[in-house]
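Input: one structure, supplied below.
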Amino acid sequence: MLQNTSEIRVRYQETDAMGIAYHGNYLTWFEIARINLLDTLGIPYRELEKQGYLLPVLEAQARYFLPSHFDERLQITCMIAEMPRVKIRIEYIVTREEKRLTNGYTLHAFMDRNGCAIKPPDCFISALKPHFMQSS
Amino acid sequence: MLQNTSEIRVRYQETDAMGIAYHGNYLTWFEIARINLLDTLGIPYRELEKQGYLLPVLEAQARYFLPSHFDERLQITCMIAEMPRVKIRIEYIVTREEKRLTNGYTLHAFMDRNGCAIKPPDCFISALKPHFMQSS
Amino acid sequence: MLQNTSEIRVRYQETDAMGIAYHGNYLTWFEIARINLLDTLGIPYRELEKQGYLLPVLEAQARYFLPSHFDERLQITCMIAEMPRVKIRIEYIVTREEKRLTNGYTLHAFMDRNGCAIKPPDCFISALKPHFMQSS
Amino acid sequence: MLQNTSEIRVRYQETDAMGIAYHGNYLTWFEIARINLLDTLGIPYRELEKQGYLLPVLEAQARYFLPSHFDERLQITCMIAEMPRVKIRIEYIVTREEKRLTNGYTLHAFMDRNGCAIKPPDCFISALKPHFMQSS
């Protein structure tokens, strides 16, 4: 398993007239956590793009249990639970002071600049592998 | 069943560095369709809020099949397939020239200003009912 | 002089915790008006970009007199008051039921994909000219 | 004079189809710097709002010299150059590795929840004063 936690602080721009963070922003926060996860793997997303690898979102889901508000600091924990094959599934939990606010997942696949599905780059596979080693 | 279709035009602000509309914007577009659906029911959301009824998002999902681009006109069709009880499930299909780009759903429940779950207002129930009449 | 008016409807996503539309959104609404202005000139921005002409924002200003709120319909009038030479200055007035809410301007120059300043395309000049003809 | 510097990292969501950060986001980044400035004064904006003081934007301007891109870390320096009387003018410079990308300002006034202009709270005045003490 691969996991890391990022922190964001809710911007005023991210609030809405209900006085809470607009639900769509959580997808942006998921993205921040995901970018950091790739950083810790040593394969920053900006480098992947430079080499012609895009990692678009195929599917995204969020479930909202508790709202967040302006200026709150939130932790976004993001995990890859299983060694990805074709599709990469990433899961997220958003918490504030240990309370779970939201969870969700995104599903991705590597594509080239023409929008064609391509194999993950070798560097991605080799960076991930050690996290999913099995004893068998 | 209750259904209607809204049209949006992709804003430059909504694009990202992949040259496509950022995936998070679809949740905003779902919202536009939902607001229009309530309008056609004769119970505009702004009126519901004035009466103290909020309709927050409990869950949202989107699946992306094809991307959209700056300046494209997209149709967002939104449906309530079953008469809601406690939770209201709304489904969405985003199309461009009859091609399906995205589908998704959101789940909602009525809440008051204090964040407590409350029963849907009577006007909501009576406006919806005729669309789900059954012969039995 | 060249002028036209676009209408937008304030999205819930565009509101903030003050219960009004977030001030930054006006720049996006200016953009919508600007895109429509180019459409009426017969030179859609998407076509300009396809031909390698970008029209980035060099400067933007907005002055806020009255706020706008969720679901309000706003008119964004946008004007080019003088035949542009190197830089293109566009002015905006946002109104709601004849009341002025905001005004502002943006300043632009044509650039190529490498970020180098370039001359406006001929089609742009010839489309603009008739609006600024003078009797001398 | 009062001054401090915040750092942001450009989100993918903040980029646009030109491959650069959308110009409207700088207003959000100005806001982040402003919120931090109030924090360092010991009067967090969230506290001001709780006490009924809103600080809406009356005017905003940005001038763009160089673009920023996904994943870049930018410094937003924000200054109050003169002791504010009725209106509060805040200036901003956005830099990346010592290069100036953007500058701008915002103008604010305190308002109550009804949108009426009100005097700044005493705590605001007393927190600011030491930074503008003069010898004369």
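Chains here go by letter, A, B, C and D, matching the order in which they are written, and residues are numbered from 1 within each.
By definition in this document, a residue touches a chain if its C-beta (ideal position, glycine included) is under 8 Å from a C-beta of that chain, and two chains touch if they have at least 3 such contacts.
On a predicted model such as this, the values are computed, not experimentally measured, just so you know.
*Asks:* Suppose chain centres are the mean of their C-alpha atoms. Which chain sits farthest from chain B?
*Replies:* Ranked by distance of C-alpha centres from chain B, the top chain is D.
*Asks:* CA centre of chain A versus CA centre of chain C: separation in Å?
*Replies:* Roughly 35 Å separates the two chain centres.
*Asks:* How many angstrom lie between the centres of chain A and chain D, each centre taken as the mean Cα position?
*Replies:* 29
*Asks:* Using CA atom averages as chain centres, what separation in Å is found between chain C and chain D?
*Replies:* 25
*Asks:* Quick check: what residues of chain B touch more than one other chain, meaning two or more?
*Replies:* Counting only residues that touch two or more other chains, chain B contributes 12-13, 17, 20, 24, 28, 31, 49, 70.
*Asks:* So with touch defined the way it is at the top, what topology do the chains form here? Options are line, ring, star, complete, other.
*Replies:* Here the contact pattern is complete, since every chain touches every other one.
*Asks:* What residues on chain A touch chain C, complex-wise?
*Replies:* Within the complex, chain A contacts chain C at residues 12-13, 15-17, 19-20, 22, 24, 69-70.
*Asks:* Within their complex, state which residues of chain A touch chain B.
*Replies:* Those residues of chain A that touch chain B are 17-18, 20, 23-25, 27-28, 31, 49, 54, 56-64, 67, 115.
*Asks:* In the complex formed with chain A, which residues of chain D make contact?
*Replies:* Per the touch definition, chain D meets chain A at residues 11-13, 28, 31-32, 35, 44-46, 49, 70-71.
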